[in-house]
Amino acid sequence: LVYPGAHHTRFHHALGAMHLMDSALRVLIDKGVEISKEEFSSAKSAILLHDIGHGPFSHALENFFFEGPGHEAVSKELIHRLNLEFDGKLTMAEQMFNNTYPRPFFHQLVSGQLDVDRLDYLKRDSFFTGVEEGNVNSERIIKLLNVDEDQLVVEEKGIYSIEKFLVARRLMYLQVYYHKTVIASEFQLIKTLERARHLSKMGENIFGTDSLIYFLKNRPKLDKGIDDEVLETFIRLDDADVMSAINQWNFSAEKVLKLLSNKIINRKLNKIIFLKKSLDPNRIIELENEVAQRFDIEQKDASYFIYSDILNINSYPKDSGLIKLKLKSEEILPLSSVSSLLHDNSLHITESKNYISYPVELNRFEI
Amino acid sequence: LVYPGAHHTRFHHALGAMHLMDSALRVLIDKGVEISKEEFSSAKSAILLHDIGHGPFSHALENFFFEGPGHEAVSKELIHRLNLEFDGKLTMAEQMFNNTYPRPFFHQLVSGQLDVDRLDYLKRDSFFTGVEEGNVNSERIIKLLNVDEDQLVVEEKGIYSIEKFLVARRLMYLQVYYHKTVIASEFQLIKTLERARHLSKMGENIFGTDSLIYFLKNRPKLDKGIDDEVLETFIRLDDADVMSAINQWNFSAEKVLKLLSNKIINRKLNKIIFLKKSLDPNRIIELENEVAQRFDIEQKDASYFIYSDILNINSYPKDSGLIKLKLKSEEILPLSSVSSLLHDNSLHITESKNYISYPVELNRFEI
Amino acid sequence: LVYPGAHHTRFHHALGAMHLMDSALRVLIDKGVEISKEEFSSAKSAILLHDIGHGPFSHALENFFFEGPGHEAVSKELIHRLNLEFDGKLTMAEQMFNNTYPRPFFHQLVSGQLDVDRLDYLKRDSFFTGVEEGNVNSERIIKLLNVDEDQLVVEEKGIYSIEKFLVARRLMYLQVYYHKTVIASEFQLIKTLERARHLSKMGENIFGTDSLIYFLKNRPKLDKGIDDEVLETFIRLDDADVMSAINQWNFSAEKVLKLLSNKIINRKLNKIIFLKKSLDPNRIIELENEVAQRFDIEQKDASYFIYSDILNINSYPKDSGLIKLKLKSEEILPLSSVSSLLHDNSLHITESKNYISYPVELNRFEI
Amino acid sequence: LVYPGAHHTRFHHALGAMHLMDSALRVLIDKGVEISKEEFSSAKSAILLHDIGHGPFSHALENFFFEGPGHEAVSKELIHRLNLEFDGKLTMAEQMFNNTYPRPFFHQLVSGQLDVDRLDYLKRDSFFTGVEEGNVNSERIIKLLNVDEDQLVVEEKGIYSIEKFLVARRLMYLQVYYHKTVIASEFQLIKTLERARHLSKMGENIFGTDSLIYFLKNRPKLDKGIDDEVLETFIRLDDADVMSAINQWNFSAEKVLKLLSNKIINRKLNKIIFLKKSLDPNRIIELENEVAQRFDIEQKDASYFIYSDILNINSYPKDSGLIKLKLKSEEILPLSSVSSLLHDNSLHITESKNYISYPVELNRFEI
């Protein structure tokens, strides 16, 4: 809805990440790191499967389908079941994915500050959006990887490439992943489905595939494992289940659901304004009133259309591990103590922004 | 299903073709062709809208939704209604689309042997499939266009570029558009929907959005115009309506529909063999028997799974007009009388191939 | 002088061709062709060195420096001497280059209708000139190579790629390698050096590096081998020897040499007209008279500036071997008996064109 | 000598920069900046000519040919003379180049922190070296330019693109322009020419074109203008004059000149080591002794081969102006007060590095 060229899929990404894993492992082998045939193919299986738990519309709907963490738990469970199906041939891949394999660099390549996941999606998203500044020289970064005591490190001469990788990543977060129109449309998608769930729970007969209806009626919590019914229903779902339902709801008799669906189908997306501070609750009530009047709906339903929240952006969070450089002197140091550009940790800071999302039919200056 | 990278859309194509129309018109203006502002924007509107009548899965399902010609009639009608909606601002665009505008080169740019439609889709499909040989130098061909007595011509020095364009187009037909897996999977999609229609007509309750169900129950003929209900229902449909239905039918109680849907969802695509001559009808009956046994279905339903037909391929049909060259001597000649490579019209010949499409579960050598 | 972007060098080409040889050999090994380590590295050495005998301005000046065939003889001799210098480590490479190695496909990869030489230079020249239509899908063609009884063949499914390769090659010949401005400027370079040679032989003191002066005074014939002095002098020469001499001759006291050099330095390139038949000798004399008057030089020197000849173009000569296809039936056939596009051998025909090259200062219509 | 693909020329750069100037001016006009036809073509002429004063090997030899600043003075004088030759048609271009035109943004586009010169060469050098990280999104930066009170500014939403531009520029300085092999080979070229000059001044007869010999005998100072003889001789020179002389000197009777030339022809390039502090003068004398012995030359000539200096790198010097952002609030602020990434001015800091350049024949660990 923002970059029309960005029509690539998670399947492309999985293949691409597997391809980069292959390159990375060959580079490490050439540098003398011992990697067995089984480790080689397990690392490739682990990355091929790393995103297998994503459902329709991925991160946007993850919290709608599940209470609490979602796709990692599903990925973990699916890899576990695939391993059973393949008679244990995926045991090592499963360990690498779960970070229980004794040599940590394999997990770090699957999921870490310099994993092949990021190296693929940043380059791919930059290419298909046309946001050239987000391009990442994945090939060169991979050539500069090394392993020191089973930990992933980058060789010293890669420092400028890594600096540029982090700057590019920050830019992709700010210009693509957290683009205002992205935030607004994800919000509208969620609200539409929440309305359908609300109606479904009120006993109304809502159109949808059986699997979608199941998740309107249920929002499982995955902290104690995933039961068979939940898993099997979830993997039947894809984007088409959601989109066809919205196509149909667009002609629903229920006013709020019809209006929400119509806004998605006809691209009447909400607007976002970033605010210096959080909005006064009274002002929100006023705005909700206005929305209710404008759309001729009840006040209590206005929050489907107008909404205020805080956005937290950190493209290089400290807690997911630091990038480590291996100097020519063999010393291992975190990037930030070597880079003259990034020495002050400015990239680690979380930027928090208050915003309000409101219907395009409202006048901006009334906010 | 063949080239996973080829995930681009008709919307991308419409924007790209409009962009090329813009370039082509600027080139013609620079060469002294008089083009008014209204003609300029009308030609761009005409190409932007030229494919607007395509439904879900486009050519593959066109014949399923309608009896007889489909998308052109719908495009024509939609452009007509848009023109009414825009108070006649699209009148000239409509004429260009319908070839009733007095200066034929505008229509030829929208739909002809060297239209910007082809210049866009060949380049785009070549790029996204990765079939580099199909790449077409659209930019240069456009620079070599000219107009002579309101007819589109190519300047003499473009002859080698045009030769290469025709060879590239032929290759795209043979390697992409008529790829065996493409033929096989289109066939399976159609058969699945035909089964659903059959059941629906038998009075069974089939899952689907209202608009999809409408087209299971009806297969309108468009030769006498399109009635409002047909048109309004058709434009509500998109790929998600079809795919979500197949997702659901995959768990249908009806054996044939369930099996057909399952084969699509799980990529059990038919195989295609090209045959020297058409298959003996008795042999087909034998094969249908075998299929019926294999899938434990009735013999009369075997033709949903095995099927024989003729494929006609002509990437440069004579009847859609010839490419004309304007020589330095000002003479206008058809390409084939100038090109030493294509003088024998080998590119005009229609290649016809008998083939049989059969379930992957059958052994090839049994055919 | 025609495509300013085409500033790439023979060194780039040698590296690129070696890279493609590496790919081609890996493809063949993957298909089960047995290739020893020594054969592998010898084939790479052979292609790396295949053009080593080229002198300044390559084909353009080959005939100026030597009487009769030039660069192949020099390449052959240099590879021979390198082999001596490397204690016979290049023996197999030398055999492959000279086509005396028992398995012919190695030589065919170095020099044949589908050698990696062409696969590199066509792609490279297409890229740097910007003549996109000449682009060749080298990667795919290489993937389709195979070996049958030690002869190089192409697999049947590669037929369209090969058709397109031949059409692209023809286009590069016509639009790049035999571009009129290329023909004209090569002619002027040769004539300038011929004038310098003439003056040098008349005893005048001509500026130039010792190695250039040597070749003004000598034009060795290589049919009986190359003597040490010739070879050692020749390899000292590069483009800078020629260009710096022309820079200096541009200020020469000798009128004809100064004028010829000046035309090169200041890009006053001759024009070329293709003629239906060869020019009447009397007309040539008239034109020479006119040139002599225009430049105030003697009539006998006019042929340095105006010149008539025949150009023969054949991008797929029969005598350098045919491309052979290996059908799925295991049968080996020449491309022309399989391709429906090229069945009439139109690509084998030599096109001959009479032309006259004349100074830009003359009026075209006077020719 | 470092990135073999980087074989592009200053001519390519001049055309490219003119192309970007064209784009930039069209963007500004679209934003409502008034630019007359004469200003438009003058700005394009100014950038087309901005590097016209560069001699052979550009920056590397600038100080060899002239005492004090070189190419700007020559460019300025050549533009002045071209203006006379073109009857004053370049007067406005000359003013823009010299920053005497009343609207400063034209000069800033020719020469400033965000001029089209840099936007072209960074992108071009990144492409041809293959150092992808140095790629700059010139097209987008140009789209974000604006003019405020005749000063060039960047629109606020361009902040991340500019951050990335500065990071990319720094990387190109560190990985390309100041690559050790670049420093080493420029040094050897200069030393070779200095030896030739020394011998020429001692009365020896040195080979070279007249124009090269002139600059061996003279090293003009340009602070009081350029006299005709200097200018006319300088513009006759190109790289071929230098390279052909070195080709010939490689066979010189004079030992030092022959050795220096030979090292260039045969790519025996010096090595560079960066040092924590400057080298002890006594240690340098020891090393010179060693070099003299190794090459059997006089001690006083050893400094042609071994050399110690300081390298100062600043890719964003404060004194050539700051990049200014125009906020949505219309406020104009320097980039560093807005960017959370670059707020600490780390990009402005000059990095100084001591280094020694020594012959490859010496053992590194002896330094």
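Letters A, B, C and D mark the chains in the order given here, with residues in each chain numbered from 1 onward.
Keep in mind that, in the parts below, a contact is a pair of C-beta atoms (placed from the backbone, for glycine too) under 8 Å apart; a residue touches a chain by one contact, two chains touch by 3 or more.
Just so you know, these numbers come straight off a predicted model, no measurement behind them.
Student: Averaging each chain's C-alpha atoms to get its centre, pick out the one most distant from chain C.
Tutor: A
Student: Taking each chain's centre as the mean position of its Cα atoms, how many Å separate chain A from chain D?
Tutor: Inter-chain centre distance comes to 44 Å.
Student: I'd like the Å distance between the centres of chain A and chain B, where a centre is the mean of that chain's Cα atoms.
Tutor: That gives a centre separation of 35 Å.
Student: How many angstrom between the C-alpha centroids of chain D and chain B?
Tutor: Those two chain centres are 55 Å apart.
Student: Determine the shape of the graph in which chains are vertices and touching pairs are edges (line, ring, star, complete, other).
Tutor: ring
Student: Could you list each pair of chains that touch one another?
Tutor: A-B, A-D, B-C, C-D
Student: Spell out the part of chain D that touches chain A in their complex, as residue ranges.
Tutor: 132-133, 135, 137, 139-140, 160-161, 163-164, 167-168, 170-171, 174-175, 340-341, 343-344, 346-347, 349, 351
Student: For the complex, which residues does chain C have touching chain D?
Tutor: So the residues of chain C in touch with chain D come to 4-5, 7-9, 11-12, 15, 207, 209-211, 236-245, 247-248, 250-251.
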